[in-house]
Amino acid sequence: MSSEYGKMLKISVFGQSHGKAVGVNIDGLPAGEEIDEEKLCAFMQRRAPGKNAVSTERKEEDAPIFLSGIVNGRTCGSPICAIIENKDVRPADYEGFAVTPRPGHADYTAVVKYGKGADVRGGGHFSGRLTAPICIAGGLAKQILERRGIYIGAHLASVGNEKDDAFPIYPTKELFEEIENKPLPVINGESGERMTEAIKSAAAQLDSVGGTVECAVIGVKAGVGSPMFDGLENRIAAAVFGIPAVKGIEFGAGFESSKMFGSENNDAFEIKDGKVATKTNNCGGILGGISNGMPIVFRVAFKPTPSIGKEQKTVDLETVTDTVITVKGRHDPCVAVRAVPAVEAIAAIVMLDILLEENDGIIRNQEEN
Amino acid sequence: MSSEYGKMLKISVFGQSHGKAVGVNIDGLPAGEEIDEEKLCAFMQRRAPGKNAVSTERKEEDAPIFLSGIVNGRTCGSPICAIIENKDVRPADYEGFAVTPRPGHADYTAVVKYGKGADVRGGGHFSGRLTAPICIAGGLAKQILERRGIYIGAHLASVGNEKDDAFPIYPTKELFEEIENKPLPVINGESGERMTEAIKSAAAQLDSVGGTVECAVIGVKAGVGSPMFDGLENRIAAAVFGIPAVKGIEFGAGFESSKMFGSENNDAFEIKDGKVATKTNNCGGILGGISNGMPIVFRVAFKPTPSIGKEQKTVDLETVTDTVITVKGRHDPCVAVRAVPAVEAIAAIVMLDILLEENDGIIRNQEEN
Amino acid sequence: MSSEYGKMLKISVFGQSHGKAVGVNIDGLPAGEEIDEEKLCAFMQRRAPGKNAVSTERKEEDAPIFLSGIVNGRTCGSPICAIIENKDVRPADYEGFAVTPRPGHADYTAVVKYGKGADVRGGGHFSGRLTAPICIAGGLAKQILERRGIYIGAHLASVGNEKDDAFPIYPTKELFEEIENKPLPVINGESGERMTEAIKSAAAQLDSVGGTVECAVIGVKAGVGSPMFDGLENRIAAAVFGIPAVKGIEFGAGFESSKMFGSENNDAFEIKDGKVATKTNNCGGILGGISNGMPIVFRVAFKPTPSIGKEQKTVDLETVTDTVITVKGRHDPCVAVRAVPAVEAIAAIVMLDILLEENDGIIRNQEEN
Amino acid sequence: MSSEYGKMLKISVFGQSHGKAVGVNIDGLPAGEEIDEEKLCAFMQRRAPGKNAVSTERKEEDAPIFLSGIVNGRTCGSPICAIIENKDVRPADYEGFAVTPRPGHADYTAVVKYGKGADVRGGGHFSGRLTAPICIAGGLAKQILERRGIYIGAHLASVGNEKDDAFPIYPTKELFEEIENKPLPVINGESGERMTEAIKSAAAQLDSVGGTVECAVIGVKAGVGSPMFDGLENRIAAAVFGIPAVKGIEFGAGFESSKMFGSENNDAFEIKDGKVATKTNNCGGILGGISNGMPIVFRVAFKPTPSIGKEQKTVDLETVTDTVITVKGRHDPCVAVRAVPAVEAIAAIVMLDILLEENDGIIRNQEEN
């Protein structure tokens, strides 16, 4: 059991990359919420393959089909199941990976865990394609949060050694929209160009490259979250590692804070516009697992796409000998790019889950608001 | 709800820093397990305050009292509740922090969440003192895991800008023991000296300093864990952020892998001693959320202790004006030091929880083994 | 959140009676299990409508379509999503029930909870139709359990005041098959005839009638389950009330035991065929929440179908006045009849969930057995 | 894992009957709630042993000691751990039951599950004594619910074949108080006398007798709960079976409704005092898992105390032969009597847990109310 997240809002993801469909069942969304399908599709498009020069050529329309839970364009309170049919499947590209597992992929661990019947075609259930249903759930959550003044945005913070500017201390909804409308989701267009070059260069060498995504949640008032094991950091982290290729997460100054003095890292409180704020945001908007009213900020590390065109050393699990493979198939040279909306989706799912749990009246059936 | 972790092994932590006691209820340990209380106390001592030159002077014996679950030195299958009485409490040191919250602490967020009745004395339930009950649970889990050949060790990987050596690709039980027996838990003694200096220097300036802890789990066979939201990374991360002051976690090469090419980062498989292994361990022993048989390795970022002797800017929540405070009380100048066993404890709790869920016969009632 | 059950085996049910489809996502089935679709369909047919003289005329083929999790006829370890399309829908039959709620139905409570957008057509997500996806999950669980020698059977124990014989102390697989093959699922054919008459008579009066279902699980060895809140009784009960119209559950002698003396009710232990057994089974195979090796036996009370053709008193929620309604639509006059396989399905889901949690090697990936 | 209940309000029960202490950790109570310890002790006294002519002579003061979570008489938002020390323990009374298990007890199943190290002394963790910590948690929950106008009361509905009157359709707070103040918790004093005789008579014959408890929750508005697996019935049932000796539960007309026609069982809606009500309450205040605003009513079946003074047949697990035992120790001849407050406690825990999840503003930090 594995593919489920949430406490008040339960997300169950299903499907394999080259099976009949991928999808998600969403239980716990408030009733009476209007669903803007066009807006959802626009959000889905941000992760869709084949969109720009640096993503896989696999063509999938990725239009969700809703099987339940929505009546007359509104959530009816019952679980929402949405699926995306897999059309452009080429399982033959993946024959043999259960025997000669691809380095950096879950082929080997899946075979050990599930036996020979494991579906390793295109990564099976481990595939980045599973971020599509995550984006359906996250896209709906985003719409519901926006109606309460909570906005989530992310950008590609780095590719290899090329860095984008960091979010300002107070990111805005407008900034998020600006980022979305760029060919590459970055703050600084020049950084974007250097990143594009870095990705193309890796691709040209039949290689791939890693990257990081920075995400911000604005509009969350102070006092949301819990101490210890149920804090904002715990829950966001637990969910973010559900995105394939994630290898690290940090909040606020994160690993950098481990190099700082307390006097540098502590965020001094101040009264700003009559409200409690902090002069810096090294804590990423979270103290003791609970929001302090500042933007919630975190960064996620993505490893380079494990599927590369170069020949790689591996083993033959049947003969128990060393061997080599060359991975075919269609793959993004930098998974971090299309992961940007997936990170937003995860943030939206987690925040809505937490807010549904908090008794503050922010979230209740829309009709009553 | 917040202070509970686990699925098969449930850990419920309770207590406030300056209340009557802190403790933990542990439900789900296998029955018939011998409990070595002496060994547990030795483990607890590694996090106990007042132990070395760089930790708080607060004196606590931290000897756990078991209220249930252990009969004749063995687990009887029922929940184990263990408490540690708080003796050296000085709540008066903390008066006023509900009104003028300490920067970097949870005083402000606790007051917003819980109201004026929030217990902010010494951090209340948010205090690092709560890692003591975590260490009870983790210490017991470690003993049970060791009986199955699974060992967990951690070291202080950095303090400020001073770094310890990284774990070798194959850390050993002996290395873990060596680290434990040093005054500061490091691999390289010289690094340890530089770190000690860095901490003393920060303390001398009434300041504090951050650090990182690296942890390894050895002896876990391939195939343990799950994809998506229930993977090893998700579950370890979800628990690690339960330790106060943690601001980031990364597995294997972590954030560094975001700067790498796929051809560098992918861990080539090889046959080693007749078994499948990898030549490098950039994935930290985890592929697709599932162990690949290599050591599981992760690093945790700790922010500097927020309590510092320097005057700091804050606000007065009653008058809604800016003000300053100076924090008294007894505090470690670098929380990462005493956090080392807490990180091991968390790793042990999570790994035992996951192994209890896996149907591989590694964990069953001891009597039958 | 509501429509999910399980700990190791997670069942998420979705769909509304008159929506596009109903379905279930099943996460946690062991990998490598052969799926006998024909057998599953035969099981589904036992609850399918339009099957005999005493069930609704709504025609649904109820053939599940598997969207994921099954490759080459075997479970691959990833979640299994299966759907059943709703074809014979007549939402117009249900217009107005959000305003003049049907007595005994969830129309009123759904509207209060979810607002005017609640889908009350045919009971929406509250409909007995949702037992179809439960039967998919349960049917698969039954196949997996049977492979381990665990069999589940149920019969219609009573309709109104007409009673079937009770299960013998040791029910057998053969008895279960015999029951399945009768027109009405009973032990004693004559009882069946009287029950059929009772149902027809109620239907003729535009009325409905209640009933009970008795279920037995055989082949579960002693020691399965847990004390207190995680016992066999707790988990079976928690799931059984997920079937619409259930109003009570009792284990073994159940409510009858409340009238007995201890000396009558206590099941004396005996050695039978070299093994520990009990002379009677008043405890229903469960002591302290844990199986004692005897058949697990429980009975479930079903209220009469709330939809009846007679005129009934209700209220108009808009005008807040008393009024009357007559319910059209196609309804079983006794929901208990078609609920028999649903009770088995629930028992199978719960038992497999619990057995997956127990470390006894009964359940592991099929390939290794 | 077993001894934990709840979703928003987590109750973790620990302790064995003849160990050092029994207790409970309660995580998730709202902050700022005043705790009336005197009232709690009065509630605890209702289940305390040695109180009347028909309960065990074991003397326990059962005064809870709070280790955490309460500051200045109010909940501070952190987990509340409360313990009761076991003083009058006589473990020697229970020697040998791991070898010759008592019929009707969990001795046998505990030994199979946990091995020889299982603590069967006085039932260990399976003992009725564990209802004491349940009553601590439930007593606190009751106080919090009462502040919101929700009252819970229960009475001994039957002992053997002697029945008390049933609750009227609208039970009141005053009725609950009246019941509490009687020597035996009944509605009709004459019934109480007959029950007392029945219990004494059973005791005189070295026997015991079963009983039922009826419980009502008043003041819950319509719309609370969820369909399918998370309904009021599911959650109450899942928790009630955590009380030792429970063998059945039914809501509203329960098993009786299985004998009724739909036209009898359906509760007609009516406008009463300007609000929606029902003329009867056969559904026990629950439709589709959701409250309809009527009193929530359920009945619980308790088997007779398994410990009886009569000689009983059992087996010797070491020699695998038939044998007999006579059970000593101090035992209630009718566990249902002292279970009355335990049933109320469970109802309070479940209702508070559910209400904390519902976003209706009923439950929030007291200070803000």
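As written, the chains take the letters A, B, C and D, and residue 1 is the first residue of each chain.
Keep this in mind: a residue touches a chain if its C-beta (ideal position, glycine included) is under 8 Å from a C-beta of that chain, and two chains touch if they have at least 3 such contacts.
This structure is a prediction, so every number in the text was calculated from the model and none was measured.
Visitor: Among all chains, whose Cα centre is located farthest from the one for subunit C?
Guide: B
Visitor: A-D versus A-C: which interface comes out with more C-beta contact pairs?
Guide: It is A-C, judged by the count of C-beta pairs in contact.
Visitor: Between subunit A and subunit B, what's the gap in Å when you average each chain's C-alpha atoms?
Guide: Taking the mean C-alpha position of each chain, the two centres sit 27 Å apart.
Visitor: From the mean C-alpha coordinate of subunit A to that of subunit C, what's the distance rounded to whole Å?
Guide: That pair's centroid distance is 38 Å.
Visitor: Please work out the Cα centroid separation of subunit A and subunit D, and write it as a whole number of Å.
Guide: Chain centres of subunit A and subunit D, defined by C-alpha means, are spaced 45 Å apart.
Visitor: If I count partner chains per residue in subunit C, which residues reach a count of at least 2?
Guide: Within subunit C, residues 1-4, 8, 13, 78, 110, 113, 125, 227 contact more than one other chain.
Visitor: Have a look at which chains touch which and call the overall pattern line, ring, star, complete or other.
Guide: It is complete, because no pair of chains fails to touch.
Visitor: Would you pull the subunit D residues touching subunit C in the complex into a rising list?
Guide: Result: residues 1-5, 13, 101, 103-106, 108-110, 112-113, 125-126, 130, 158, 160-161, 202, 205, 207-212, 222-231, 233-235, 237-242, 244, 246-255, 257-271, 274, 276, 278-279, 282-284, 287-292, 301-308, 310, 312-315, 317, 320-322, 336 of subunit D touch subunit C.
Visitor: If we count contacts the way the header does, which residues on subunit B are in touch with subunit D in the complex?
Guide: Residues of subunit B touching subunit D: 1-4, 6, 8-10, 12-16, 19-23, 25, 27-28, 31-32, 66-69, 71-72, 74-81, 83, 110, 113-119, 124-125, 365-368.
Visitor: If you look only at subunit C, which of its residues touch subunit B in the complex?
Guide: Its residues touching subunit B are 7-8, 30, 78, 227, 356-357, 359-361, 363-364.
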